[in-house]
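Across the two complexes that follow, subunit A remains constant while its partner is subunit B and subsequently subunit C.
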Partner chain A sequence: MSATPTRGQVLKLYKQFMKNARQFNDYNFREYFIRRARIGFKENKDVHDSQKLNTLFKEAQRDLGVLKRQSVLSQMYTFDKLVVEPLIKSHGHSRGL
Partner chain B sequence: MFRTTLRAASPIASRAISRPLVAKSAFIGASKFVAPIRFYTAAPVDKKEITSRVIDVIKAFDKTAASSEVTGQTYFHKDLGLDSLDTVELLVAIEEEFDIEIPDKVADDLKSVGETVDYIASNPEAN
Partner chain C sequence: MLGRTATTIGCRLSRLSSRSLRNGLLCVATRKYSPPAAAAVELANDLSLETHTDIQAAAREQAESRSAAAGTASEVSNSGTSALQHAYQENTGFGTRPIYLDMQATTPTDPRVLDTMLKFYTGLFGNPHSNTHAYGWETNKEIETARDQIASVINANSREIIFTSGATESNSMAIKGVGRFYKKTKKHIITTRTEHKCVLESARSMINEGFDVTFLNVDENGLVDLKELEASIRPDTCLVSVMAVNNEIGVMQPLEEIGAICRKHKVYFHTDAAQGYGKIPIDVNKMNIDLLSISSHKIYGPKGIGALFVRRRPRVRLDPIISGGGQERGLRSGTLAPALVAGFGEAARLIKQEYPNDIAHINRLSKKLVQGLLAIDHTSLNGSPDHRYPGCVNVSFAYVEGESLLMALRDIALSSGSACTSASLEPSYVLHALGKDDALAHSSIRFGIGRFTTDGEIDYVIKAITERVRFLRELSPLWEMVQEGIDLNSIEWSGH
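Now for the complex of A and B:
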């Protein structure tokens, strides 16, 4: 329980954050959570104190739970695309069959 | 396996495309047994296309330091100046583009564009 999270675990957590954040339907929420995760992880990248790492890790896990729930909720509602969003989200799907 | 079947059978398929299935099997004839043709999926993407799509994703990624030239030999950390977090993020974007899931063990070893392209090419689910 009190073991210090390893580099791999942190990266895995970050990946989960990114994956879930990208799934938000709404542009503003999506961009916010991606930005927030980036800043949050970068901010603490030099933390080496195991006590603090532990606290941060647990906090992040709790946040991830909230993020997951909200991203699923967000997918239940439709949002109109904003003018700043490209219409073809991924060009790969527009290419041929 | 199915791809070869598909290729071999495609002239027949195009000829018989408007006919109902029963008529088609009758048309092919009793002399040779031909299994019903099943179309599963589009052909897998080739390496050149994967490379160009990966490069497009990297260029769209707003953190890349050297956005000038990205080739198969480009390394994420050395050439693009991405740290481990950025690399993870980039791989998530690539996963989304190709509709695949890169397991963590593999993702740790992907350090260059070329390696990523090779992995995607070896993944049958990539499209």
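Now for the complex of A and C:
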């Protein structure tokens, strides 16, 4: 059906994951999705089977959709910052992990 | 995408009437309005979509109104407060919302779960039991998918899953239902002393119905004695109910061994797996479990839904508590909530999919926390160190009162036991069952670690607890005596 995703496409997808994860207003969700994206892409980095790559790519695209919607929602319904969160944003995300 | 939807809705609305503009969010420039109306539109244009929930403001107000009510507070109590204020000095430059470490009470809803649920509130509203039209079929299909996802976590068949309102209902249904169905021939139930309140209370209510209930003791590690269990099975025993993971101390019971014993004596085995489902490996077939209670909000799903696994082969019969239209195999009538069911299903799918990552993460943080806390003098871990779910850490801090430590830890959301009993000042009955004395049971705190807990939070908690335990102990005369080497048990306290 569709061609195997290229290295560039996968990297772009990863960047999008990170971008959307960082936009979560909620500290715990933000840290989790950043961690999850890193782990997810890392554990599949040696997959070369084109069929498996295709399914993984499609799944990841669906997950990215969820992440996008939910990070927007998280910005709409905000709460006070946690006691471990610096109030002044130090560029994007904290390097907690 | 969101913006586009908003504009489309806006266009539609503008065609309908200007009345809709009153809601303030949507506006369209295609119509002419009288000046006041136009002003309202302009204002609505730069209205932020963000709705902030300021939780701390409520807490601050409460504190202020309390101090105002106290009015002329004496100097003594004033000095006490200022001393305590020193103990929980807040870091400036950081937020004020407490860290959440009470995962045994409930877990935050996973955004992926919410994403599955939203469509049921925005259009997919059919009654899943309406089988005459598409609205019903749509939601019914989603419910069956969820049922499959929930069943596959414990290697069950989807037809064995009965949706309930939560684990409390599941537990009551299992104990009362099985008991009542077999009451003519079998009138004995076995459970343990460390069960959740709802199991204990259900068992107690069965005593009123003429049943005999054996409450098994546990050893100092919180585990049941299998020999004692086997010995207490009688010819008229109908049910054994032992929880999978304890909600206060996180101890895992040997389910497989208990299941084997129950099967050997042809007694039904019910397990309350509210804290264990998806967090420890459970296989209902391998472990010979006949009934199993599940709660959705302990696995990052929505609150208000749970399930009961009821084995079909060999069939477990039970009397329904709720009568009605015969939904859920007639065992639990009433229209299902498709949104909650689908959210629960997604949560179950995620807990299975994320199991290796979650467990590795929780293990690592748990080890770090236990090490950090046990490094403080005179602290001890409650419950078995080996047979435990790492996400529940219960530690006793000797010579500190648990409640006052919790008061001094306003920046960390913790509890000294289960949420249902935290209102009373009684020490935990679970720790009592383990043979802990009152003082130690009073000074225990439960830490819950979950999928969304971070390293940063654990570091903060270890530091905060270490500081404040030291501070509170310095106030304590008992601690002073211990430091001087006086054995507290040798003291004869004068009675009042």
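Throughout what follows, the second predicted complex is superposed on the first by the 89 of 97 C-alpha atoms of A that agree within 3 Å, B and C clash if a C-alpha of one lies under 4 Å from a C-alpha of the other, contacts with A are read in each partner's own complex, and residues count from 1 in each chain.
As a convention for this text, a residue touches a chain if its C-beta (ideal position, glycine included) is under 8 Å from a C-beta of that chain, and two chains touch if they have at least 3 such contacts.
Small disclaimer: the values here were computed from a predicted structure and weren't measured.
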Check your understanding: subunit A superposed: clash or fit between subunit B and subunit C?
Key -> fit
Exercise for review: Please work out whether A:8 is in contact with subunit B alone, subunit C alone, both, or neither, and reply first, second, both or neither.
Suggested key: first
Practice item. With the two complexes superposed on chain A, say which partner A:29 touches: subunit B (first), subunit C (second), both, or neither. Key: second
Check your understanding: A:45 contacts which: subunit B (first), subunit C (second), both, neither?
Key -> first
Review point. Touching A:87, do we find subunit B (first), subunit C (second), both, or neither?
Key: second
**Study point:** Which partner reaches more residues of subunit A (counting touched residues only), subunit B or subunit C
**Key:** C
Review point. Given the touch rule stated above, what does A:18 touch, subunit B (first), subunit C (second), both, or neither?
Key: first
Practice item. For A:66, decide between first (touching subunit B), second (touching subunit C), both and neither. Key: second
Exercise for review: For A:75, select first, second, both or neither according to whether it touches subunit B, subunit C, the two together, or no partner.
Suggested key: second
Exercise for review: Quick one: minimum Cα-Cα distance, subunit B versus subunit C, in the superposed arrangement, integer Å.
Suggested key: 12
Study note, to complete from the structure: Residue overlap on subunit A between the subunit B interface and the subunit C interface 97
Check your understanding: Given the complex with subunit A, which residues does subunit C contribute to the contact?
Key -> 2, 49-56, 90-91, 93-100, 108, 111-112, 114-115, 357, 361, 411-412, 451-457, 460
Review point. Considering the complex alone, what residue numbers of subunit A touch subunit B?
Key: 7-8, 11-12, 14-15, 18-19, 22, 38, 41-42, 45, 90-92, 97
Exercise for review: Quick one: which bits of subunit A touch subunit C in the complex? Just the residue numbers, please.
Suggested key: 24, 27-29, 31-33, 35-36, 39, 63, 66-67, 69-88, 94, 96-97
Practice item. Under the touch definition given earlier, write down the residues of subunit B that touch subunit A in their complex. Key: 42, 53, 56, 83-85, 88-89, 91-92, 96-98, 104, 107-108
